[in-house]
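Several structures are given next for inspection.
Okay, so chain A shows up in both of these, paired with chain B first and chain C after.
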Partner chain A sequence: MMILSGDRPRSRILSVLLLVIVVALAVTPFVFPGAKAMNVATKICIFAALVASYDLLLGYTGTVSFAHTMFFGIGSYAVAIALYAIGPSWGAVAAGLAIGLPLAALLALGIGLFSLRVEAIFFAMITLAVASAFLVLASQLSWLTGGEDGRSFTLPELLRPGTVFIPKNVLGTAITGRTLTYYIVLVGSAAMILGLLRVVNSPFGRVLQAIRENRFRAEALGFRTVFHLTYANCLAAVVAASAGALNALWLRYTGPDTTLSFAIMLDILLMVVIGGMGTIYGAVVGAAVFILAENYLQSLMGAASTAAADAGLPLLPGLLHPDRWLLWLGLLFIASVYFFPTGIVGRLREMARPQAEG
Partner chain B sequence: MTELVALDPLPKPKRDILPLLLPLILAVVMLPLIGSPSSWMTLTVASLAMGMMIFIMASGLTLVFGLMDVLNFGHGAFISVGAYVATLVLLPLATWVQADSLLTNLAVLAPAAILAMGVSGALGLIVERVLILPVYGQHLKQILMTTGGLIVAEQALYALWGPQIIPLPLPTSLRGSFIFGDIAIAKYRLLAMLVGLAVFLAIQITLNRSKIGLLIRAGVENREMVEALGYRIRRLFLGVFMVGSALAGLGGTMWALYREQVHASMGNELTVMIFIVIIIGGLGSIGGCFIGALLVAMVANYGGFLVPKLALVSNILLMVVILMWRPRGLYAVTNR
Partner chain C sequence: MTSTLETSNLTIRFGGHVAVNKVSCTFRPGELTAIVGPNGAGKTTYFNLISGQLRASEGRVLFDGTDLTKQSAPQRTRAGLGRAFQLTNLFPNLSVAENVRLAVQAHRGVHYDMLRPWMVRRDLIERADAILDSVALSSRRDVAATALSHGDQRKLEVALMMALEPKVFMFDEPTAGMSVDEVPVVLDLISKLKQDSSKIILLVEHKMDVVRSLADRIIVLHNGQLVADGKPEEVIASPIVQEAYLGIAPGRSAA
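Then we have the complex of A and B:
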């Protein structure tokens, strides 16, 4: 059995694009050591893994889940609560993972067995309901989760920004606990994405695609579709919870707004559609493009809004206000579902195919 | 010529009344648990009023799904739009709203509700043409498109009206309660109940006593057969979609008055409850939707009174219990 999948990017432009993203992420702490750049890079890593796990569901099985942020939140909260309650030690991180990941898997199993028997649309509605109930619970059970304020905690000594391994005068940039955390996030996310790539190219992944194309026929071929779908759901949940744990380690904080909110669910949907459903590579491209745009285009929108306000135009300042970012994103989302259902990766592969054949 | 022999009449389908009794049973069981009859009465009326409002909002969604297999995840947008449009009438005419005369109050409420319905219905037309028609028959894309529509609508409301919560006071003559002995019944809840009942009856009569209703019911049962008989089911569907959107707008107006505030995210919040209602009722079933709405409202009200902490997840629990009993909802529509 191979550890890596044989699934290549299958497009030269895509390969270059992925290489640029990976190299840029790998050298970020040295080239762009500022706090904002580091935050953006970490968010790209974490969301690439999270979106890839969502792609396993949406792109490969064709089921829409609205509960993915819930699993993300479970992983995040488990680590946060463990570190908060036990104190800053590696044992606490391990305890958080040991509770969070199985909990996510169990919950996914329950939801799957309950609602994947029938149509995909049923699953979408039920996950939406469960996720919203979970959000309410997380913000109400303040003795456990800290309520709306969330939980801030201290990391183990090794990961703290104050821990300096190599002082600034040696390499030009100080290598601190923060840098180490960044590389843990980067390596962890990369491992998850490669693992998912392996899963979707295994026989199991082929069955998932068969179910997506024609569930009835897959069942007629003798596959227990409910088993496969539920298994994929649990797998996606565990990866999402792991991504959540990395998120908690980086932010040193977990709250409803950073993990559970509906806005994050929409971000995930947008990233997977923009990047390209059913490719896994699309998750990396989608997350990178989306998060870069989110962080750097919003200021552009702010400038445009002020300019429109100065010019005395009606309505436009409100529409271009940086807070209305989601409005344009929503339009982009509809347009991309309609015009580019295969996303960036799908487009690039289509462009590459005639060349390869001709 | 052989004479036609009068055959035995078709056997009447068995009426399934157990789900119908469910709200009744729930109410009776709750009486001893709550203890005081006056609070029981208040809670029951509150749940009936809330249930009726939820039904008004949810009915369009379930019919659209039953008829055309289209689930509109952006249904909540019609609710918020309806509420915001109603404020366009209610806030400028605040003096009429505050006048202590039922007639003046109704004279401003009625146009507000009608305008809300008109605008949401028109928006329904646009949504159906722009978002749903291109991806007709593809569930995955439908969900994505309509979710995108929901985001755009919510953000457009923020852009047009601003992010703040708009207070929307109840008309003076609808404030307060009627007092019978030690039972207090809020006036607005009574009105909401009456409007809800009227809508329910109107839908039932249309569905069961008119030709259009016959076609809609036939379409729910077997779409292709109706098409084969020469009816343009797409046009019928568009009509149902618009009426459903208009009802969502009406429900949004009523809900905004009930909560006495309007906010762009209200539709989003109600969507979850509406989904639970139509899942409980059985996707596509109007009767099931009605009972589901009542059950959800009752569990919310009784649960909130008895075990306030539980009320947070009561809807989910109710859904789990119902689906354990009947996995396709209370009244499963046959061909799904």
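Then we have the complex of A and C:
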């Protein structure tokens, strides 16, 4: 069990749930080869990693950052700009990573050393300010970033949808560059999540939890907490940037709306809370539940609405109309936070514990 | 005579209030110094100045020949100053064993290792268990610190300091609020520490019988000032203590 760093799901239902998610994601290209299903599955992979890296900060150290989408964007833009400028080659992808990841780490280091010395609220404000500035910068520097339109680019040949490795015959689906890209995203995200699981269960990760619990005492034990918090911030930034790079490869496009917007920051927050903070597994569950709801609630409601109308029920067809899906999504979130304050993972683990301490 | 702890003219002001006022004192290895004085005398503040939780307005803290005055609390801990807090100060939602294991980890210098799972360091876990045993907390090792009784929390507080294996032990009313049967564990522990002649022990304590049985020396703080310093019998007999301290908390075991 060392691949999980000794931190097992600790709930049978959770184990099954995780297994279902992982298996479903692994077989998606063959079982649900449609464009929409593939997009949803990819988004789940990327956001699971992105949210897990946010959990390292929020759940394990207790620091609130609003700059996570900025780091996501840095990775995304770096790969996009490199592929756009250099042309479709693996060298360009490597160049994008070689610039984007260290840039994210350096920025996180600067923000951390500058603002993690003092109270947590200061860090939150600084990240908000820096992220806003970055968003403005990315929209203004059109010559570099493509401004509001973003940058579209061509992928290296191996990753292109037109590249066919095995023509339509395996279960009726062709294996193309798109399939390969999907598995790169899947394996990359999984590696990041397992890596984060290792970090939070390492001696270093244990210090992070100690800081969350009582920073004053952690200092009194001799831990220089600024450095622990700053390293965690850098690590989270690098993972977020890597997730951003994967996102760019999948979309073949990077723009402010797909990476930097505060709507995405809000989504990340919701996913980590719904899944369960301070668990890493919560990121996987939260991302899966949120993104599935976001994508399929509408069609589900459409079906329910028509069914209700056919059955001649009053009021319901209007309430369930697909245009109201955001309302229902909101209600779903309020309900989940209210009933599962420790998130889905926290709740499942509570249920699995033999009995509470007497 | 290098490894002494010395404060010279140590002073801190909170606004106009001088909580610790020009306290100069030297503590030597092998000596247990009791620090007494009425509530609000500045005893805890004096500790905070020594261990770095507060920065001095004036004066210096010297240890082992180095000036610690400008150093942060973590640096002073690494230099060998250990502290058990008066107001229990733990990691509330972590287990008792994990509280101590973290202190052991800090002491062994395992600060940034992020590539191995923590369980791989069996040595840290075993050392933590041994310390828990010495304060009679083994049976509670898997309970969250916050679920402990007050007395057990005080013991855990002491255990964290023991795990740091410091050269200077600072106990701030270690037995306050403990039930009668819990007190001996802590007192035995302090007695055992005393046998090691390389350790400096500072003990803030209100219970005069405890002070009498353990102290080699007593200093008295009053309104932030050092007003008496000497052998226990002398200090206890001095008029200033009789008035300033024992007047408030009369020692019932005076005979």
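By our rule, the second predicted complex is superposed on the first by the 307 of 358 C-alpha atoms of A that agree within 3 Å, B and C clash if a C-alpha of one lies under 4 Å from a C-alpha of the other, contacts with A are read in each partner's own complex, and residues count from 1 in each chain.
Throughout what follows, a contact is a pair of C-beta atoms (placed from the backbone, for glycine too) under 8 Å apart; a residue touches a chain by one contact, two chains touch by 3 or more.
Just so you know, these numbers come straight off a predicted model, no measurement behind them.
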{"item": "Residues of chain A touched, compared between chain B and chain C (which is higher)", "value": "B"}
{"item": "Which of chain B and chain C A:Pro341 touches, first, second, both or neither", "value": "first"}
{"item": "Partner chain in contact with A:Ala129 - chain B first, chain C second, else both or neither", "value": "first"}
{"item": "First, second, both or neither for A:Gly330, with chain B first and chain C second", "value": "first"}
{"item": "Touched partner set for A:Val64, first chain B, second chain C, both or neither", "value": "first"}
{"item": "Touching partner for A:Val31 - first (chain B), second (chain C), both, neither", "value": "neither"}
{"item": "Partner chain in contact with A:Leu19 - chain B first, chain C second, else both or neither", "value": "neither"}
{"item": "Contacts of A:Leu221 with chain B and chain C, given as first, second, both or neither", "value": "second"}
{"item": "Set of chain A residues, in rising order, touched by both chain B and chain C", "value": "none"}
{"item": "In the complex, chain C residues that touch chain A", "value": "51, 53, 72-75, 77-78, 83, 85, 89-94, 98, 101-103, 105-107, 110-119, 121, 124, 143-144, 147, 160, 164"}
{"item": "In the complex with chain A, residue positions of chain B that touch it", "value": "71, 73, 131, 134-135, 139-141, 143-145, 147-149, 151-152, 154-156, 158-160, 162-163, 268, 271-272, 275-276, 279, 283, 309, 312-313, 315-316, 319-320, 323, 327-328, 336"}
{"item": "Partner chain C, residues of chain A touching it in the complex", "value": "2, 5-7, 198-199, 201-207, 209-210, 213-214, 216-225, 227-228, 231, 235, 357"}
{"item": "Residues on chain A engaged by chain B in the complex (per definition of touch)", "value": "58, 62, 64, 114, 117-122, 124-126, 128-130, 132-133, 136-137, 140, 262, 266, 269, 273, 315, 318-319, 321, 323-324, 326-327, 329-331, 333-334, 337-338, 341"}
